[in-house]
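Two complexes follow with chain A in common, the first pairing it with chain B and the second with chain C.
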Partner chain A sequence: MWLSTEASTIMGGLFVSVQTAGTPPKASKKKPRPAGTLYRGHEGMWSWVFHRITGVAIFFFLLVHVLDTALVRVSPEAYDAVIGTYQTPIMGIGEVGLVAAIVFHAFNGLRIILVDFWSKGTRYQKLMFWIVIALWVLTMLAFVPRHLTNVFSH
Partner chain B sequence: MTTTEIAAPRSPRTRGNGTNWEKWGWLYMRVSGVVLVVLIFGHLFVNLWQGTGVSAINFAFVAGKWADPFWQWWDVIMLWLALIHGGNGMRTIVNDYARGRTTRGILKIAILAAVAILIILGTLVVFTFDPCIGNPSSDALIQLCAAH
Partner chain C sequence: MATATAEKPPAAADAVPSFTVTLIIRRFDPEVDEEPRWQDYDVELYGTDRVLDALHKIKWEQDGSLTFRRSCAHGICGSDAMRINGRNRLACKTLIKDLDISKPIYVEAIKGLPLEKDLVVDMEPFFESFREVQPFLQANSTPGTGKERVQSVADRARFDDTTKCILCAACTSSCPVFWTDGQYFGPAAIVNAHRFIFDSRDDQAKVRLDILNDKEGVWRCRTTFNCSEACPRGIQVTQAIAEVKSAIMRGKP
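Up next is the complex of A and B:
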């Protein structure tokens, strides 16, 4: 099957419980997980949750962003007035959130593609989630100070 | 007496011989996603990172970019790919969470309408852009528009 989805991969984790086939649950020092699944509460689930939330947020920003950019067709004054609001401190902080969402969605999207198409993708999906988080942190460490300097000093 | 036909568990799903749109939608999300990473990171680099970032954006900045067909096409391709990618993602979410048939239908028509209207609007804006409308706000624009 060349066509696998992340959903099917991780849903496998949901339905194929570690505790199936009557094996007694191993004594573990870890806190008990709900239903003892491979998926719920783990990297795969959070990857999916954040991908949805950031995707929806980006979609609604995109709707607004096409409309505000369309004002260049109305008049320079109209465009400059609206883009001026993007340069205020409050919107500047909002842009940090926007870039945070886009960068996570981008890196995690590449992770999903690797899970789907790379033969070892499912084996390394947890590691790749933490790589996504690490790259996201690095990107934000580079972007946030520079962006906030631009917002608060111009 | 009426009997309800329920397929046996694990029986293969029967599908018509038509195009498997869900498969192509699935593939589109991945292909457009890779391209969008490049286009949007480039967009953010030029508009939010270079120079003084967001504080440098104004009408003249946009006029400067769209004087070059390279950036016109960059933005138009980004517009189409991103809106269809986002619209398809929203469709997936509606399918997952909206319960009633009617609710799902209305929400999906709303998504389709928003995507179609913004693609048409955005494409027209990029390709019919006139840097000389209104009062030129920068020296570069005054020079450019004096030549017209």
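Up next is the complex of A and C:
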């Protein structure tokens, strides 16, 4: 369960920061705000946060995906019915999110492998993070228009 | 609330300009407070002052109950690590001029260690991890000619970076993995293990690698690089942890 506790630590911090941003500093005198400020990490911390969030999201997708695929063994009709509900525009947009998460997780995973195994990896981690973001944007630019035309033209 | 407004024209033309800076400090008195609370202070400061000077001014002139640690005040003792504007810094090495004084400066205790009072945390869990990695020379050989263990310049340079640690806990308390349950050894302990693992005069590297090859050891490092960015001595902490990881995989330093 440490997976989710780590993620919730950071999310708790995020929530606090939203409060902080909205409240004028003087108000903080009266309003108790026991939680500390959000730790202001740089690229490394945010890449980890996104990696963790996308990882958990992909895990839940895979869970559902294994279950719906396993349905074909139970009854092909039930399988067809379930897969049929995936052909809706809402699911199509959900697939954009899924691909976005997987593409980030994949590229950043390669970055982490380089950080761990390449002797100069730690020195270039920030640059590699921005390369990951650039590759992610390029992949999504190639994927999203084509995918959405497919989704909305059927 | 006028922050960063220059004072009225000084009498002498060459007087150093001072500024009113607002500090918002996260206070906690265990005898009174259920939860920590934020308190504002307006302090008159010069650009050359440090956050530690601001804390001194508050403690000495405004509110004597403000509690924080400091000893040498020159970045060596490692007593005054705290979270300044959301980042772990030494108060004695953070100049006011390097912060945006048009906004209040947020100061709070470091995260992940039990809060005792105001900016003071219980450092015992931190030092416990430090002691566990056996941070002292363990040599099986006797020094040559009965005097000293000679080491080449290259051998000494191998672990030079990690000798700089002052045990301020800025790195360990910046680590998201350490925040969750405090079970992780933490960057500082690994840095101090690295200092002896890669020392050619030391013979117990294997023991330390075994200690760190633990569920709560180096493998919990998620390379967020918060530690490297927090270190007031500029130690490449994540790099050191990565070197210990690969030494464990090789089975030798």
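Just so it is clear, the second predicted complex is superposed on the first by the 114 of 154 C-alpha atoms of A that agree within 3 Å, B and C clash if a C-alpha of one lies under 4 Å from a C-alpha of the other, contacts with A are read in each partner's own complex, and residues count from 1 in each chain.
Going forward, a contact is a pair of C-beta atoms (placed from the backbone, for glycine too) under 8 Å apart; a residue touches a chain by one contact, two chains touch by 3 or more.
Predicted model only: the values in this text are computed from it and were never measured.
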{"item": "Touching partner for A:125 - first (chain B), second (chain C), both, neither", "value": "second"}
{"item": "Which superposed partner A:116 touches (first chain B, second chain C, both, neither)", "value": "both"}
{"item": "Contacts of A:48 with chain B and chain C, given as first, second, both or neither", "value": "second"}
{"item": "Touching partner for A:40 - first (chain B), second (chain C), both, neither", "value": "second"}
{"item": "Where chain A meets both chain C and chain B, residue numbers", "value": "5, 112, 116-117"}
{"item": "Residues of chain C touching chain A in the complex", "value": "1, 22, 24, 26, 35-40, 83, 85-87, 103-104, 106, 108-109, 111, 174, 176-177, 179-181, 222-226, 228-229, 236, 238-239, 242, 245-246"}
{"item": "List of chain A residues in touch with chain C within their complex", "value": "2, 5-6, 9-10, 25-26, 28-29, 32-34, 36-45, 47-48, 112, 115-117, 121-123, 125"}
{"item": "Residues of chain A touching chain B in the complex", "value": "3, 5, 52, 55-56, 58-59, 62-63, 66-67, 69-70, 72-73, 75-77, 79-80, 83, 86-87, 92, 95, 99, 102, 106, 109-110, 112-113, 116-117, 143, 146-147, 150-151, 154"}
{"item": "Parts of chain B lying in touch with chain A, wherever the complex brings them together", "value": "23, 26, 30, 33-34, 36-37, 40-41, 44, 48-49, 52-60, 62-63, 79, 82-83, 86-87, 89-90, 93, 114, 118, 121-122, 124-125, 128-130, 133-137"}
